[in-house]
Amino acid sequence: MRPSGRDLSDMRAVSIETGVTKHAEGSCMIRIGDTHVLCTATIEDRVPPFIKGSGLGWVTAEYGMLPRATNTRMRREAASGKQGGRTVEIQRLIGRALRAGVDRVALGERQITVDCDVIQADGGTRCASITGGWVALRLAVNKLMKAGDVLSDPLVDPVAAVSCGIYAGQPVLDLDYPEDSEAGVDGNFIMTGSGKLIEVQMSAEGSVFSRDQMGQLMDLAEKGVTELVAAQQAATA
Amino acid sequence: MRPSGRDLSDMRAVSIETGVTKHAEGSCMIRIGDTHVLCTATIEDRVPPFIKGSGLGWVTAEYGMLPRATNTRMRREAASGKQGGRTVEIQRLIGRALRAGVDRVALGERQITVDCDVIQADGGTRCASITGGWVALRLAVNKLMKAGDVLSDPLVDPVAAVSCGIYAGQPVLDLDYPEDSEAGVDGNFIMTGSGKLIEVQMSAEGSVFSRDQMGQLMDLAEKGVTELVAAQQAATA
Amino acid sequence: MRPSGRDLSDMRAVSIETGVTKHAEGSCMIRIGDTHVLCTATIEDRVPPFIKGSGLGWVTAEYGMLPRATNTRMRREAASGKQGGRTVEIQRLIGRALRAGVDRVALGERQITVDCDVIQADGGTRCASITGGWVALRLAVNKLMKAGDVLSDPLVDPVAAVSCGIYAGQPVLDLDYPEDSEAGVDGNFIMTGSGKLIEVQMSAEGSVFSRDQMGQLMDLAEKGVTELVAAQQAATA
Amino acid sequence: MRPSGRDLSDMRAVSIETGVTKHAEGSCMIRIGDTHVLCTATIEDRVPPFIKGSGLGWVTAEYGMLPRATNTRMRREAASGKQGGRTVEIQRLIGRALRAGVDRVALGERQITVDCDVIQADGGTRCASITGGWVALRLAVNKLMKAGDVLSDPLVDPVAAVSCGIYAGQPVLDLDYPEDSEAGVDGNFIMTGSGKLIEVQMSAEGSVFSRDQMGQLMDLAEKGVTELVAAQQAATA
Amino acid sequence: MRPSGRDLSDMRAVSIETGVTKHAEGSCMIRIGDTHVLCTATIEDRVPPFIKGSGLGWVTAEYGMLPRATNTRMRREAASGKQGGRTVEIQRLIGRALRAGVDRVALGERQITVDCDVIQADGGTRCASITGGWVALRLAVNKLMKAGDVLSDPLVDPVAAVSCGIYAGQPVLDLDYPEDSEAGVDGNFIMTGSGKLIEVQMSAEGSVFSRDQMGQLMDLAEKGVTELVAAQQAATA
Amino acid sequence: MRPSGRDLSDMRAVSIETGVTKHAEGSCMIRIGDTHVLCTATIEDRVPPFIKGSGLGWVTAEYGMLPRATNTRMRREAASGKQGGRTVEIQRLIGRALRAGVDRVALGERQITVDCDVIQADGGTRCASITGGWVALRLAVNKLMKAGDVLSDPLVDPVAAVSCGIYAGQPVLDLDYPEDSEAGVDGNFIMTGSGKLIEVQMSAEGSVFSRDQMGQLMDLAEKGVTELVAAQQAATA
């Protein structure tokens, strides 16, 4: 029934390749099916003005798409002179999600910026960015700990995200682009490795959904995030 | 326990005053406690390029805050040269929410723009905007129907929204600003008059939540939206 | 002869309602006929760089219009990415006008920002903004004086403004929108409560005027400003 | 008493050199003392959208200053990414002023853009721009008439402008920069060759003025404009 | 003598991997040492306005760098609201270079956009972009020819580019970042497969060079381009 | 054979008029045929952040064109909200070129900004800007030396620039606009008074060139720069 032939509760193939750029303090290429996102983490000593002198750290994120990551070429945001509403919304989401798993006291007064750049898109880029972004963050923090700059681990729980939706009347896990563009209801669940919720975003476009369906989607999300956290652990072990 | 002395499941006082500006096709001032939003609906014959010639209508929204709607003055977005990420995110949300209750075939090839301008803010401005925006939309559509420009009612189900969150460890309904700025978990539920979900956005900042808590918040949201829809019906009867 | 049936030297009905928002240090809604402007005054301890350390205070203003304040919806300036030339011109005018009535030594090194947001427009919004803006400023300064932060009153003379023009060949006072859009000559007189001039702006679009006509317009302006100052005094008594 | 030694009612030396660039349809360099403005007029067949098909013509203006036209270097507006409020205000004024002397039916459906670029500034650049801009416009219209593209002269009356102000308590004509920066009251009078008023802008910064003083300033302005119109006629004879 | 231990006339290792994204009509990842650039070619039926209806084709290019392609993170251009001067300069260069090898009549009225995105930078990114960009262009044109949309080959001669400079007093080929940041003289030679010049850009920063040195650099460039064209041929055979 | 009747190796008439504005520390109007550029040099005590405290000076440049410097009016860059790619490229080039002749230690920690504004354009504006810009710089530095602010001359060698190209198959010197718009190959040579190269930019648009032709163009450039340096010396003697 799904265009890809997957079962309703099947994720696409997941791979996480670390150490893909020589400059960044942490980096990975995450591939969820044909969605490929390059994630890098940059450590800087400065923090945003609103926490200067507080002793607390900060984690933030930026998101971008190469112009031809998609089926038809999109206009380059740098050329159009601003980041679109969708981009801003996504990068705020990634930052919030990653911060939920960070002990900012333990991190100390420094900032880690996670850049998520979509090299190839096939649905689910924001979830892939969060999941891969956490891996880049993990690797950068490992470097801080190895250097003795950070003493107790500020990453209290892994963070991963997966999309779910109602496609052709059925709840499905991890929508690819053909499903995403047809689904009346879809959204993202961001969770921790220990099964807690960080963010739930379910949205209907020209449709509505019931509380029962909401429950079924959460069941799927829990399954998906469990698999993603296992892949994160394998990649950073 | 709540700063306002309300019970956990109490809404603030709700009032909706219609016909507040002489130019707009539909308008209201919605007051949810000390949060006051002026909502106007404008009917135009043109539609966005991507549906031109399709026979379908469109509903969109814009959101703004007067600089001194808040406790300390915020920079005017027109002066800073762009709408901030928060503004863009909110107005996209309002538009999506209102469209979920519209039969776009029945509306016909025309656009209704709902402007939501916050005159005074005390938490929950996006929910007030959706709830009041639907009233302005209802009044504008009534005008189209009275004129015979639209034959069957395109507003298939009322749309309203309420915030919920976990404050001081307890699930609470309709957060005001003091609660909102302290809550570790909060979000918005957008629902129809018939109890269906349109959008769920729950988010933890520096915190996490369980699936049980998610259920308690949904119970509160259902109660709040029921009260808001009753106020919408009274205002537009 | 006038569309509204008013005599040549009649003002529209004037009302000034104070204390309309809970956050601002001073606020009012001024209504000149169907022109409604919300004016708020914000006190801040910082001053612009060019007077830092001088001991002098500063008064500045910003002006905006809600998109549907007018008969057809105007594009939101925040969305178009900049304030238009008309907006910039008006807010510079309001600031200059208000400063003319201020003893900046007595005010002390602080800034008061007066925001004038047009809720509904029917001609004469800049004059209403100045007249209402002075009321908001008065209330904010009263608060400073009551708190003992300012010792002698920095508001040396009330400031008010009225429009005049030549409509259908006759000099008329306080043009509404139907008159304003037809008048070949129109402009604004900004004066003090004691009858001194602060700013005169008379302009002909596709027309010219004589020095005699200029004198008749000044007579009307003096009458109008006298009535507006009385309304200011009543509102702030 | 004046820094330059001039009498209260003396203009600075005026010179208007025509034909200063080979590309423009009309051009001049106007020098009012040390204020030098290059004015060019460009004829185009297109008109702004709001008069398309009306048969009416349009005259518009743009204004700029070279970065080192002033005593200390100003930031280049092209580099700062926008025209400042002062620039926008001035170029709107120049356009309005020039249109007041134009019969737009006689001009026919075409646009003339007058560019006024300040090469060296010493006060009064907007008045010099209007006076010189009219000369460039006159020369461009002459070209249209010689070619038979326009049959009856659309320039019904010359347009010129001069500044006046109250300096050291005395009304003075044609303020230079040292006077302008000290004057408590100053402004501009735009008039026609036949002595009619087009625009009056008198403004007090930190000061006020009486109706009597207003009359004295108008006497001075009439004297100045008469001299400027004579210079325009000599340059375009 | 060179930091990398290379001989004066040695290129770094060159690899060109084709077909690296599933959406673009042509794509490759070019690696010149540690400089890695992802190049994609997009075919569109529209052309820029200035050649509409001419029957001629167009090739253009855009260039970007991921924020952490470099040793310290650079600000994302989309976030800063514009492409920097360096970016604009480079992408204009790439477009000009590629067009020099194209028969625009044979291409027919269509546009090919070549996007060059630097994934990792270590000097010479603009030369790598041109060399890899030509490969992406070649592959996209092959697709047009296979489909019969283009009949005779519009790519008349391969185009490749290499940097040269004077490092520690010696002319060297293909500068890496440590050399580039120290070289007093450096630049780029863009040439065709048949040894003709398309563009020469030699520039001294805080230094000068003689005509003899210019000749030595051209000898090196010819050697480098010959090797790059061989790599292009191997990748697209 | 050349539209102007000049021989292949003839420059246009060159004139350099100094002291053309009263405010700038150095200024000239350079005229190369019908290309007229106003160059001013401004001395400021501040330097860019990246050399603060280094004791080194900085020379930078900005470039602009009046809207009607060209045959058809171009949009004013200040009005379009940004400097185009061509402008940015040119002003970076002028700055680099001038710095190549400066001993930044001798200059001391101050910045000189050279503004080059094209009053009338007929080809070769960037070369005229460099040649005239050096004269303005020379005059400003003379002022510093006369005042004793700079002790040894920081201008170690004059800098001048000329364009060359292949027009109708022949190498020609100093292209005017009719030649420039037809030439298949053209570019700029920036050299010092002692015959050293600073920058070479040769570029083919829809064409290619040989190494022999490159040599012939360099011969022409040497002749042109020699004449320009003589004119610079005469103007600043």
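By letter and in written order, the chains are A, B, C, D, E and F; residue numbering begins at 1 in each of them.
Operating definition for what follows: contacts are C-beta pairs under 8 Å (C-beta built on N, C-alpha and C of every residue); 3 or more make two chains touch, one makes a residue touch a chain.
If you want to know which protein each chain is, UniProt gives these names: A, B, C, D, E, F = Ribonuclease PH.
Everything quoted here is computed from the prediction, not taken from an experiment.
**Student:** With centres defined as the mean of C-alpha atoms, identify the chain lying farthest from chain F.
**Tutor:** Most distant chain from chain F: B.
**Student:** Centroid from C-alpha atoms only, then distance chain A to chain D, rounded to Å. What do you get?
**Tutor:** So the centre of chain A lies 59 Å away from the centre of chain D.
**Student:** Using mean CA coordinates as chain centres, what's the chain B-chain D distance in Å?
**Tutor:** That gives a centre separation of 51 Å.
**Student:** Once you find the CA centre of chain A and the CA centre of chain E, what distance in Å lies between them?
**Tutor:** Using C-alpha averages as centres, the distance is 33 Å.
**Student:** Can you list every residue of chain A that touches 2 or more other chains, as numbers and ranges?
**Tutor:** 82, in rising order.
**Student:** From the touch relation defined up front, give the order of chains around the ring, starting at chain E and going on to chain F.
**Tutor:** Ring order, starting at chain E and heading to chain F first: E, F, D, C, B, A.
**Student:** For the complex, which residues does chain E have touching chain F?
**Tutor:** Interface residues on chain E, with respect to chain F: 82, 85, 88-89, 92, 96, 99-100, 104, 157, 187, 192, 196-211, 214, 218.
**Student:** Which residues of chain D touch chain F in their complex?
**Tutor:** Touching chain F from chain D are residues 21-24, 27, 34, 38, 40, 42, 44, 62, 64, 66-71, 73, 76-79, 81-83, 87, 113, 115, 117, 119-120.
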